[in-house]
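Right after this note come the structures.
Next come two complexes built around subunit A: one with subunit B, the other with subunit C.
Showing the complex of A and B:
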């Protein structure tokens, strides 16, 4: 992603901030919206939500063929966060054979890549521990 | 209510080149080949001067970012040429636009070409799984996008890997007989199950190859179709829709396919039971299985029965992908939808040779595209018939 693309979603990305449509309850993340892509309200009223940093694995794959820059095998999931948004996420601290549909996972801020000497952070997901999560809310 | 498309447009010529790793042919060479084959297929002949407009479906900018490459390949300058791009449904949408233009009465005879020079595009599809993406599509290849559906589908319906693999076995069996297919090799269930993983649970034989190809159709107003052939194929319905899984719903169906199919069935005034033969989107084995259900050929979770009972085999009641589908024929993105229609044109006219199915009257074509960094999808469906 270009620097402006990262910058546009910097706050949402680093703090897990989403926007809930007051008409249908759908949560936009990470982009800040003025129309709702679920109920089509246009303009829609969105309220800011601090997203809970955990959710469930809706489905997953284990990636074996990826370009340079990834370590394989890589478990990759569609995670539904507790507040509703669906995101792609890499699973860490979890063997590929231990991943399951419905597994509870929590978001953990990690370095995703470096560009022009700057580290770009975002979330990966790991099995949710019973202890309160560090990012908690 | 709007009138729709039924009976207004007809196909009077269809041609394609044999798909494959065509290192010796440029994008223009491929378009030229498909165009010439389409022209030569017209029973009563057709003068290129009669072509009033053209649409080119292509995804990669190998030929530059316009429709001009089609003019260079065919000599059809001085007429409108529009380039269409809509992910892997590109070729289908190009055809759709041509049908709408003919049905509107603006043009009587137009050309549609779908083409893709996959091997001139540096990087290829796996490289698109950009490491430098946040939230959208990070590390998500096309095998992963569809692998995520496979995992969800197996989990929800208790379907096995073996049942999904039956799609690959069937399509490679058909592809081995289809003259234009890229891969002409049969594979066994064991081959599919023992192949190396690309994106677990999908292995090598669950994935379509990387293929170059081109296909072309001549579309005219139904009113003048008999001028070119006594045996035209009529367009009965067309549908297109977009969707995104971020809106909700589970991952075991493609709502864009359901919507597009609903539009096309309503326009054609038919039901899924009326379809005699279909070319449907099997970029991956699981895609075909899910599409049986989205198109109304099976109840949710019951698609594998069509394979187990032989219903969708070449000799079955409802043959699906007699061409071998994308898995065997190959999937040159922009060419795919047009090639599916070329095959169905030949099926309906009884010209499909080694893969001819028995006396089809109505055919369905289905094409899916994935866009916006693997967060959205396009579905496109056409219904063709021997009678308007």
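Showing the complex of A and C:
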């Protein structure tokens, strides 16, 4: 089954849906907030936005010591999506030595882990390709 | 009939050379390579990417889908839907007809037929068909040389939505023949391949001949033919039997290998990418239960895609890494 905590943000996670503050434009992701983190509007009025599935690497680390089940060295990045939200994600299809701050990346749906016989999906990031048909809409 | 408005594929960029497999088992030679699905991808992730490519190409949003049908024999689940989560990831939910087609590598064509029927019967404007596979062969077996993974998608629209091609014929050749089969959680059982090949030839020929008979299409009119064959040399034999010249074959087998139901849609996409108005593409499936053949008439220049680009975008993996990625090496990673 889909665990409640997974289901709660499944929609946002599956479709990269965020919530934009109608006062100042700040975008909350993946969870809808009550208070806007930027303009402090409380309760803030949020509208749903479909996030663009790409952004830039803001910072990154390369993990060398991880428990069984992970491929190391594993680059992990803080990515600023084009619509503003910052997310933490694995980088795939990219050698650790090729990662750079400012690198353009796109969201890539992957299996994150398996729980009670069900796979749980989320986005990792990979170097952005400029082919028009990739990366979704 | 239903219009084709979009197509897309997802071919994993990791590739394993047949020569590497042969070398590991102390055999000489080996030509071509196959696509290797990384450990964090499965039929859902690949199917979503192929579908997104088809939607983006057509300029259609996921929410506009009324029907989403998925074919796969390798989700790994005995229960656990593919079509519904796929639709959901694309943005379609609520009044969306979903259907899962499986248990035979033939099922991509059944999904196409069902999507056409849904559109013809007035079920909305857009119907999506996705086939996605992650086939895993027993190490050392002959199937290991070809079993691969990937995904393909076709987006159909009801009459009046425009489109660059249409399905102009469909024929089935059904029998009780099973051939290759697989128990839950097991590898495919090894069967008499010479016999399976004879049945493959009989069923593909039966379906294509019925298609030509019922549509009045001649062999000379067929510009591209897609033959879903689990072995590299079988498609050429099928063409010989059908009396269609070998250069008409559209096959990604040398680069991708055999990706079950997905192979039919990947090869069809590759044929569409290289086709011109007036071309006629015939595609024939094969799996337990027989074959279906369909004819696609290209009416306008098909929009550009990245099938060739994905075939070229490749990174080699070694045999041990391949085994580890598919969970076949055993033990926890330390």
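Just so it is clear, the second predicted complex is superposed on the first by the 132 of 137 C-alpha atoms of A that agree within 3 Å, B and C clash if a C-alpha of one lies under 4 Å from a C-alpha of the other, contacts with A are read in each partner's own complex, and residues count from 1 in each chain.
Please note the rule applied: a contact is a pair of C-beta atoms (placed from the backbone, for glycine too) under 8 Å apart; a residue touches a chain by one contact, two chains touch by 3 or more.
Nothing here was measured: the structure is a model prediction, and the numbers come from that model.
Novice: After superposition on the shared chain, which partner residues are touched by A:30: those of subunit B (first), subunit C (second), both, or neither?
Specialist: After superposing on A, A:30 lies in contact with subunit B but is clear of subunit C.
Novice: Scan A:87 for contacts with subunit B and subunit C and give back first, second, both or neither.
Specialist: Only subunit B; A:87 stays clear of subunit C.
Novice: Once the structures are superposed on A, label A:79 by its partner contacts, choosing first (subunit B), second (subunit C), both or neither.
Specialist: The answer is neither, since A:79 touches no partner chain.
Novice: In the superposed model, does subunit B or subunit C contact more residues of subunit A?
Specialist: It is B that touches the greater number of subunit A residues.
Novice: Quick check on the superposed pair: does A:14 touch subunit B, subunit C, both, or neither? Answer first, second, both or neither.
Specialist: So A:14 only meets subunit C here.
Novice: So, A:63: does it touch subunit B (first), subunit C (second), both, or neither?
Specialist: First partner only, subunit B.
Novice: Considering only touches as defined above, state whether A:112 meets subunit B (first), subunit C (second), both or neither.
Specialist: both
Novice: On subunit A, what residues does subunit B touch that subunit C touches as well?
Specialist: 68-70, 112
Novice: Residue numbers of subunit C touching subunit A in their complex, please.
Specialist: Interface residues on subunit C, with respect to subunit A: 8, 13, 38-42, 44-45, 48-49, 52-53, 55-57, 61-62, 80, 85, 88-91, 304-306, 309, 315, 332-334.
Novice: Can you name the residues of subunit A that touch subunit B in the complex?
Specialist: Per the touch definition, subunit A meets subunit B at residues 1, 6, 9, 13, 26, 29-30, 37-38, 58-70, 73-74, 76-78, 85-88, 90, 96, 101, 112-113, 115, 120, 122.
Novice: Going by the contact rule set out above, which residues of subunit B touch subunit A in the complex?
Specialist: 126-127, 129-141, 143-144, 147-152, 155, 196-202, 244-248, 250-251, 374
Novice: Given the complex with subunit C, which residues does subunit A contribute to the contact?
Specialist: Per the stated touch rule, the residues are 14-15, 50, 68-71, 92-93, 108-112, 117-119, 121, 124, 131-137.
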